[in-house]
């Protein structure tokens, strides 16, 4: 273990990382080295945590969370990462329905940052706004830092925007890395990112967009499948294509669910709203046109219902390929089938709804695997904090590994 | 002091404790050794705190609070215990009116627990639901821990359910132990847990149920007094009877308030709603039958009013027995009378309402004593965390006592 | 730097401070030594923080915040101060519309304080109530501490009441001290605290009252300017006059905005509601007279609008005096003009409203300067905590300076 840790730290030290005093917003803005470094730092933090070591790199300071929606999971992942590193969480509770701009954003960004190390933002409701808002906050922080108003430059971390969901897609990638043994083992594997039926409406696009733009960078064969009309933001398709060409993987779009599942090593069936609907919705929300919003919702749900056969069933799963070791919490059947992934909560047919994204029996087989998939997120967020806040992340982490301090008094291992 | 501390730690080390990686839900599930250990651990933590010593056994990690009602006191007790031990508090803010079951509970329990050490839950609104919910959360945590999804198995701590209120009853017991000098000194003492009039309705049953089932285990003569119809959950009466027989104490139920107070060493006059009403209320709440709920409330308040003479007055107090040293914040008269207890806030006649549970003059004499009673709760909660999270609690606490670290820089004693 | 720090700590050690185990409520209750000590302690904490040193004087304990309004800035300043010193923040979320009195206040004050070091309260909505409430909480804490119910006596810190806003006015004073080089350099300087037009109504009086009562103590020539009718609480004018006479400064009231700006070294144009309106508003709010409240608001806004020329414009700024070094984030023109101050957020004409307190071009020139002004507040709050919670604040701070511990692992300076 100690030797493994040293290896990981050495590998981290060799990466070229241009993240110090910057933000972590979109994975496609990050170099391969930076993505690898994120996974390495997350892995080191997880190793330290699992072995009962103390992981507090900060002795005080704020981790600000700004959730423009209700989010239990991400809230807890962020709070966990903050506690892991020794930061105090403070929630910025803005009115959720308004889009702040200009002076208000510049000012608020500085007012909450005098002793802050990180600002985690989740803002995906308005297509075309979430990412823009995060960039605006980052610029205001640069402004304040340059003028010496801010003693340190807090990092903005994207906890989900309208374009990307990097903490999710990188946690998903870390999960794949663990399941298949390495990042290299993902090369040439087929992952099907597919639309799936849901009885709810307006689900964001950031997960599928995040998956197709990230997994194509690691040589995977990525297939995006959805019914006609359920398009993603066009730019993300272009990025996925470009990345596939660069990495030696592939990227294809299909409207045939069965073809997408066939021989897939990984499936990710998940609902989202069509890009054009999200645009229209933003326009209507902005104009406060409630009647038309209700009509749009009704129309969309009817459209969803016409695609109710887009469900991850046992029959579809039987057409996939396993070719990997079974992980804990999985049915033995799973070894012969694709790894099922979901960002949770899933719409489970006959369990949480009448007709959903996935059948009850498929979900139950992979239930604990999806929990495990989620378990990487706190460490990914913590890694993003370390990479953005420390000029020499490997050295900072090495002090923890070398220090030998334990996280708990007395019998210090949590499983002791 | 140091010698006393060593004695307490040695005593704690000899107790057989089967709480590691388990939950603290009902006192009647816990062995006498475990109850003694809880009091000992609380006492040690309190000694350490009062002497200005540092008490942080954790260097990071979450303490999750899940309050399904508005609770200032318990919220602060829980947050205090978490801060005392070095955990960061994170609130799980669910919609309060819904009862979650099945997949949602299993999933949420794991999603909030990747870096959590403890989950404090307060859920008493629906009779027949609160305890069940906590058991369900615990089972989901076992599930995730066994599968290796959770690096550690957080403890569920009952911060009040429909059946028991262990943090309250154990804090009350610790108060009695301090006032009467020892647990042994409680043997043969009479405690009157009596119903009292309140202008409000729907007060939970967990306090009286917790008191009669706990105090009977320590050889006390427990008298439960209430007007006809104001019954508790039958199982708890049976438990109280069984415990009294085992401990050499006694348990009796009466509808005669004067008889209950006569010669009592301790009185605990407190309102609650009848068991049958709480059952009916649960049925109506579940069905959303608002009209009938309003009718039930009206009927109950009228019934309460017919029992408005169930008030703790000076006249009744004069029939009790003192037989104990006066504690700080008490009137000199108190030495000759019973110790008045309350979980707070009390309905005080002519102060917080017209006709309440206790007269203004009685309450004022014991006001600071009731605050003192409440002051043990943060230490009881902290003790529950230590017993559930450490395989060898005495050794963990000994590292604090031996370490000699102080909680404050510079002049380190808070009363210095 | 080290030598400077030693000098500041030595200076702090010589001050006579009667704040231990007491509250920090109104600057006019504090002696000159205590005010100097507050600035010195804030300065030392800031020096330690800027040099990357650890500043945690507490190893656990609660910092309770009780905000009876929505406040982003103060909430973050308080949380920052708590994190800086090693305390966990816990919010007391009371219903905002009610004024609690008597038993409820006494009890709640104790219930939240068993392991608390500080209670920050913001309560300015009802004129004649906020300060009274804080005094009541303080008395309840004295009561509980004397009886031994509370192991330590938490300090109440006024985060803005109906009379004073000490964390704001002292942060403002610290800003002036930094800009002009020293407190001595403020002697004889003219500061214009002027009313300014706002399209909103009911803004509190505590800022202007805090400024005129504090700056007059440091030999400044304080001019208060407002349209007829926009009076402050009379007592604060008397205090300002008395302090000016004692310190060798001056205090004058005028209804002539131009005269107030002329030759001023510092201008603080900021809206507030007339004293008499706030009184009337309190009476109507208490009586729940919503119709009359709406009428009062309408009348007031009309009155404000008649004074719309009370705006801080370039023309007015051109009549002021500079006579000081330009600070970071300022336009070069600023050296020749007064320092513009504001507690933020400002009503900026054509930016955040049609006609506001200040023109866009003036505000933009001083924008970063106002952020810097705000940046002192977390350190002022932390200083108040240190002075009230430690018998020997200089010694407590010296342990931090001497200890040499760094706040961050690895590369420990935030600007490294």
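Note that the chains are named A, B and C in the order they appear, and that numbering of residues resets to 1 at the start of each chain.
Operating definition for what follows: contacts are C-beta pairs under 8 Å (C-beta built on N, C-alpha and C of every residue); 3 or more make two chains touch, one makes a residue touch a chain.
The model shown is predicted, which means the values in this text are computed figures rather than measured ones.
J.: Only C-alpha atoms count here: how many degrees separate chain A from chain B in terms of the superposing rotation, rounded to the nearest 5?
T.: Nearest-5 rotation angle for the superposition: 120 degrees.
J.: Please decide if copies chain B and chain C contact each other with the same set of residue positions, more than half shared, or with different positions, and reply same or different.
T.: Counting shared over all numbers used gives less than one half: different.
J.: Roughly how far is chain B from chain C, going centre to centre by Cα mean, in whole Å?
T.: 41
J.: Hey, what residues on chain B touch two or more of the other chains?
T.: 56, 88, in rising order.
J.: Considering the complex alone, what residue numbers of chain B touch chain C?
T.: 49-50, 54-56, 72-73, 75-77, 79-80, 82-86, 88-89, 328-329, 344-345, 348, 351-352, 367-368, 371-372, 374-375, 377-378, 405-411, 414-416
J.: Which part of chain B faces chain A closely enough to touch in the complex?
T.: Contacts found on chain B: 56-62, 64, 87-88, 90, 92, 102-104, 106-108, 110-112, 114-116, 143-144, 147-152, 389-393, 395-400.
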